[in-house]
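There are two complexes below, and they share chain A, which is joined by chain B in the first and by chain C in the second.
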Partner chain A sequence: MNAIIFSAGWGIIMMFCSFLVRNKSSFRHIAVVGLLVLLVVNILDSNGVAVFHIDSKNMLAYTRFGLLFNSIAIASTLIYVLLSGKDIARIGSYAAEYFILIFFVLCGVAILSSYNNLLMLFLGIEILSIPLYILTGSDKRNLKSNEASLKYFLMGSFSTALMVMGIALMYGGTGTFSLDVVRTETGLYKGVSFLEIIGLLFLMVSMCFKVSAAPFHFWTPDVYDGAPGVITSFMATIVKVAGFIAFLKLCYGRMTTTSTAIDWQLLFAVIIIATLLFGNITAIFQQSVKRMLAYSSIAQAGFMLFALFSLNDFASKGLLMYSAAYSLATIGLFAVLVKMKDVTFEGYNGLAKTQPVLAATNAIFLFSLAGIPLTAGFLAKYYMLASVVETGNYIWLVVVAVLFAAISTYYYFRVIQAMYFKTGEPQTENITGSFKFGLIALAAIIIIIGVLPQYLFNWLYF
Partner chain B sequence: MIALLLILVPVIGGLITLFIKNKNTAKGFSLFVSIITLIFALIGVYSTQVNQLHFDVAWMPDLNSRITLGLDGLSKILSLLTAISLPVIITATYKNTYTNAGKFYGLMFLCQAGMLGVFLSMDALLFYFFWELALIPAYFLCSIWGGEKRIPVTFKFFVYTFVGSLLMLISILFIYSKTPDHSFAMQSFYHAKLSASQSQWMFWLFFIALAIKMPVFPFHTWQPDTYEQAPTAVTMLLSGVMVKMGVFGVIRWLLPIFPQASQTNSSIIITLSVIGMLYASLIAIRQNDMKRLIAYSSIAHVGLMCAALFSNQQVGMQGVLIQMFNHGINIIGLWIVADAIEKQFGTRKFSELGGLGQRAPTLAILFVVLCLANVALPLTNAFVGEFLMFNGLFRYNPVMAGIALIAIILAAVYTLNMIQKIFYGNTVALTANAHDSSFNINAALVILVIVVIVFGIYPQPMLNLAQESAKMFIAKIP
Partner chain C sequence: MPIQYYIVLAAALFCIGVVGVLIRRNAIIIFMSIELMLNSVNLMLVAFSKMHYALGNAANTGTPVNVGTDAQLFVFFIMVVAAAEVSVGLAIIVMMYRNIHSTDVNFLNRLKN
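Moving on to the complex of A and B:
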């Protein structure tokens, strides 16, 4: 509860700041303070100290898992704002508003990580999405940004409509919006009604839309490419993994109990293969690093879908691990990307000569995404693969997945090849010492998680 | 403690070297670090105190994985090889100038640390970690300092091995889920319970990773290109030590975990290895490039090791253990000569060389000794290993052993041909004013030649080390 109220509250406070505070650069600092406060109250919440006691009639349930995810999401946002805060403020002339919208998105994230009721899921998705439609179009003099925003809005509303339809059908089938349903073991499919299955399928499609899983991923590259780089970074990381957490809760709540009627695992297996295929194969042919990262985020979503496929202990732990590893690495990559004048692969040529720190940290982020040991990305992938192996079936799925992981090295290593093995004169914006320090710290976090994951686990399960 | 230090010294030394700007300081410092590593390896070989040789600390309790390092007969032999190779390589290439020398030597050390980690780890996840980590520095070394076509060639090498290791990861994960106590410890892996069909599948997933690294016949295509394009110092490290990771993996992990499956599949693998031996030897005869010839000869030698491993005989296994060390020594020597020739004349083509023996007698003598070791002449180190391996292979299947023997004859053909074309005959325009090899190259070669002759005449210490481990590994196979 703390996180939901504080994030919304801080957003409103910043709204007042936007006309009360004259100095533009101070918005960034106010946002950082807000995120710190948010992180603290959320950690307090996971230790049982709730500032607010609001009876939500069991519509929201604060599980340890959800609160942990909140901490990860808020911490990632904090790192994101610290690294790219200046670039966020520079998108347009409404510096404060961008931060406000980010706080509202976090409010949506907090609802999604704790919903126990389909209405709350809908509410969370909407609170999450609407600020994003605006943020996508925030570079309002840029035609591509406007196009992306409109596309995102139309596609997003379409998927939300499907979601509402699905929720209505599920209500018709079970008579409740709650995630946990009391089922009688009689009747067709052992108490699972046909309407509920159809509703769940609708819901699944709309969630696949949100997490950009194939074949519902077509909006992703255009939107990620059109949106300002800093905003893409936020959308591709925190927002996306929040969608996964919501999806995971839905799977635990409704899909495990309806598996007598329909083979969800098979459906997910098909979606995983399609996602990995589209994401990886199309990423190979990209010429722009930004667009490559958009496709790579689809490919990474394919790996995260493994958690929804296997739904065991490894899966939920692994998804937390994956969300941390993936978010941190992608935030780092985008932070460097927005500093580059030329975001094609050629633009990175020879970066190791002119900006060794940027190149070295970028290499670590790419290693993490590719899943090379010693980085957080390896353990994340490890957990995902282990969760499927643990189920005992579908070993072929794992084999296919690792082959795609090997393909993914092609486009990740293209950046490394450009930075280290080719010569060129990369044009970057002015790089400050503190930015470099932030990148080094981020790379260090990724390596520490990769070498000694126990520290993360201890922190998570304190 | 020794086991931990063996990895830590090159890691720390390497990290420091990465940041040394001055070329000569970097060289001197790296020679110093590599000698310290060698000293620790020697202490490890002669030490018998168990608590010194083992290191064990909790790492990821959540996954039941521990940092377990240990030195037994097998890892003693290989860590000694790894530790010897680096000082020799640095000495031999001391006159070479690399741009960013500090980075070059630093990455060499990190690569060495990764390989030592592979040989020492007694925990499957740790093994996998090091297995991958040895690859990353090698990737950078080849891609930055390599030849003309280095970037695509090295990437091919990387992708091949990366696909293999990911398949191995699946196998490791699956076995882990079947271990009695859900742990990555080596002993639990040895006692994992898999059904016949499961172990069949997992065997192949595991084997492909090792086969790519070794490389065994259909998976070898990355190797000649990579050896040719990589800077010679790195080629020495790759062919001398890194290919042994594959052979090592078979002995340490594959055979004990899948005793049944390795027996049922042995005929396929031995056939592939023998085909690979003949195929590589025949190609080697046709080569005009010194580096490519040595690369193909390496495929042939490793093929014999692989065949002997799956022959399931103790003598064969013992031979492989010895040969892993000896092959490493011999091939590093051959590369040093190849590098010396390339540095002096700017070419490695036989057609452009000749009569070098008249101008560079020292180099010629040392090279001939190494070449004779390469064809496993008696009184050289390789003879002992190859004899034992053929012994094992012969007991398994005389026909296969007979066919494999052809490859030995072919080895003599291409090796002697190489000596003749480079060192004998009349001098050509290029070699007319050649000078003899420099002191540092001679020093490195003399060390290697001493090892070749000592272990050729008196192989007993190595045999003892190998026998103890060979027995242990064979005993695990029902």
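Moving on to the complex of A and C:
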């Protein structure tokens, strides 16, 4: 409860700051302080210290898993604001508003990591999405940004309409919005009803839209490409993994209890293969690194879908690992990307000569995304595949996934090849020492998680 | 009236909305179709709410139970969220109109390549 109230509250405080504070650069500092406060209260919450005691009538259920995910999301946002705060403030002329909207998105993330009722799922998704529609279009004079914003808005509200239809049908079938339905053999709502299955299918389609799983991924490359680079970084990382956490909770709550009526694993297997196929194959042919990262985020979503496929202990641990590894690496890559003048592969030519620190850290982020051992990305992929092996069904999925991971190294290594083995004069903006230091710290975090994952998982139990 | 009538009506409205989103090319009309979809869901929720209320009270003959009231609350949340979406969505469409003087979504192809 702490995180939900503090993030919404800090957003409102910053709204007042936006007209009381004249100095534009101070908004960044206010946002960093807010995120630190948010992180502290959320960690306090996971240790049983609640600032607000509000009885949510079981609409929100706090688990260590959800709270740990929330901490990861807030910490990633903190790193994101520290690295790219100046670029966020420079998108347009309303520096404070961008930070305010990020706080409101975090409020949605906090709801999604703890919901126990379909009403809260709906509200969380909407609180998450509506600020993002604005953020996507925040570069008002840029036609590409406008177009991305309109496209995202139309697709997003269409999928929301599908979601509420699904919730209504599920309500018709079970008579409750709660995630944990008591199914009895006798009584009013016995067994699994047809309406509930149809509703769950609607809900699944809508969630696939939100996490950009194929065949509902077609909006993703356009929107990620058109949005300002710093905003894409936020959308592709924190928002996407929040969607996955919500999806995972939904699967645990409703799909496990209806698996007698429909084979969810088969459906997920089809979606996983389609997502991996579309994401990886189209990423190969991209000329712009930004667009390549958009497709790579679809491909990574394919890996995260394994958690929803297998639904066991490995899967939830692996999703936490994946959200940390994927978010941190992608935030780092985008932080460098927005500093580049030319975001095609040619623009990276010879970066190792002129900016060795940027090139080296970038290489570590790309290693992590590709899943090279000693980085967090390797363990994340390992946990995902191990969860599939543990379920015992569809073992061939593991082989397919490894093949696609091998394909993905091609387009990740193209960036490394451009940076190290080609000559060119890359144009970058002014790189400060603190930015370099931040990148090195981020790369160090990725390696530490990759070597000593227990530091992350210990939070789950202690 | 039996519940089926309401379900069929809501499903028909929903399908009209889906078809509208898929075939119309004007951003505002697409947006109207989405609103139609949301409102069909409202209708369905209210119908289910009454159904569960009737079923719950038919099952136990003692004191009346208030099952089914949560769906009516859900309807209000959908209305509020739809209003928030309208304010953001129309602002985006206006921003688009100022730049290209059109609300036709066929113009949205700059990002394709």
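Here is the rule we use: the second predicted complex is superposed on the first by the 454 of 462 C-alpha atoms of A that agree within 3 Å, B and C clash if a C-alpha of one lies under 4 Å from a C-alpha of the other, contacts with A are read in each partner's own complex, and residues count from 1 in each chain.
In the analysis below, a residue touches a chain if its C-beta (ideal position, glycine included) is under 8 Å from a C-beta of that chain, and two chains touch if they have at least 3 such contacts.
Since the structure is predicted, the reported quantities are computational estimates derived from the model, not experimental observations.
A.B. asks: Per the overlay, which chain contacts more chain A residues, chain B or chain C?
C.D. replies: Looking at chain A, the partner in contact with more of its residues is C.
A.B. asks: Does chain B (first) or chain C (second) touch A:140, or do both, or does neither?
C.D. replies: Second partner only, chain C.
A.B. asks: Would you check which partner chain A:403 touches, where first means chain B only, second means chain C only, and both and neither mean what they say?
C.D. replies: Touch partner of A:403: chain B, not chain C.
A.B. asks: Considering only the touch criterion stated at the top, classify A:420 as touching first (chain B), second (chain C), both, or neither.
C.D. replies: Touch status of A:420: first partner only.
A.B. asks: Taking the superposition as given, does A:122 touch the first partner, chain B, the second, chain C, both, or neither?
C.D. replies: Only chain C; A:122 stays clear of chain B.
A.B. asks: Report for A:358: first if it touches chain B alone, second if chain C alone, otherwise both or neither.
C.D. replies: Once the two structures are laid over each other on A, A:358 reaches no partner at all.
A.B. asks: Of the two partner chains, chain B (first) and chain C (second), which one does A:389 touch, if any: first, second, both, or neither?
C.D. replies: A:389 contacts chain B only, not chain C.
A.B. asks: Have a look at where A:443 lands relative to chain B and chain C in the superposition and call it first, second, both or neither.
C.D. replies: In the superposed model, A:443 contacts neither chain B nor chain C.
A.B. asks: Across the two complexes, find the residues of chain A that touch chain B and also touch chain C.
C.D. replies: Shared contact residues on chain A: none.
A.B. asks: For the complex, give me every residue of chain A touching chain B.
C.D. replies: Residues 367, 372-374, 378, 382, 385-386, 389-390, 392, 395, 398-399, 402-403, 405-406, 409-410, 413, 417, 420-422, 452-454, 457 of chain A touch chain B in their complex.
A.B. asks: Using the touch definition from the top, list the residues of chain B that touch chain A in their complex.
C.D. replies: Touching chain A from chain B are residues 59-62, 128-129, 132-133, 136, 140, 143-144, 150-151, 155, 158-159, 162-163, 166-167, 169-170, 173-174, 176-177, 201, 205.
A.B. asks: What residues of chain C sit close enough to touch chain A in their complex?
C.D. replies: Against chain A, chain C makes touches at 7, 14, 17, 21, 27, 30-31, 34, 37-38, 40-41, 44-45, 48, 51-52, 55-56, 59, 67-68, 70-71, 73-74, 77-78, 81, 84-85, 88-89, 91-93, 95-96, 99-100, 105, 107-108, 110-112.
A.B. asks: Sort out for me which residues of chain A touch chain C in the complex.
C.D. replies: 119, 122-123, 126, 130, 133-134, 137, 140-141, 143-144, 146-151, 153-154, 157-158, 160-162, 164-165, 167-169, 171-172, 175-177, 188, 221-222, 225-226
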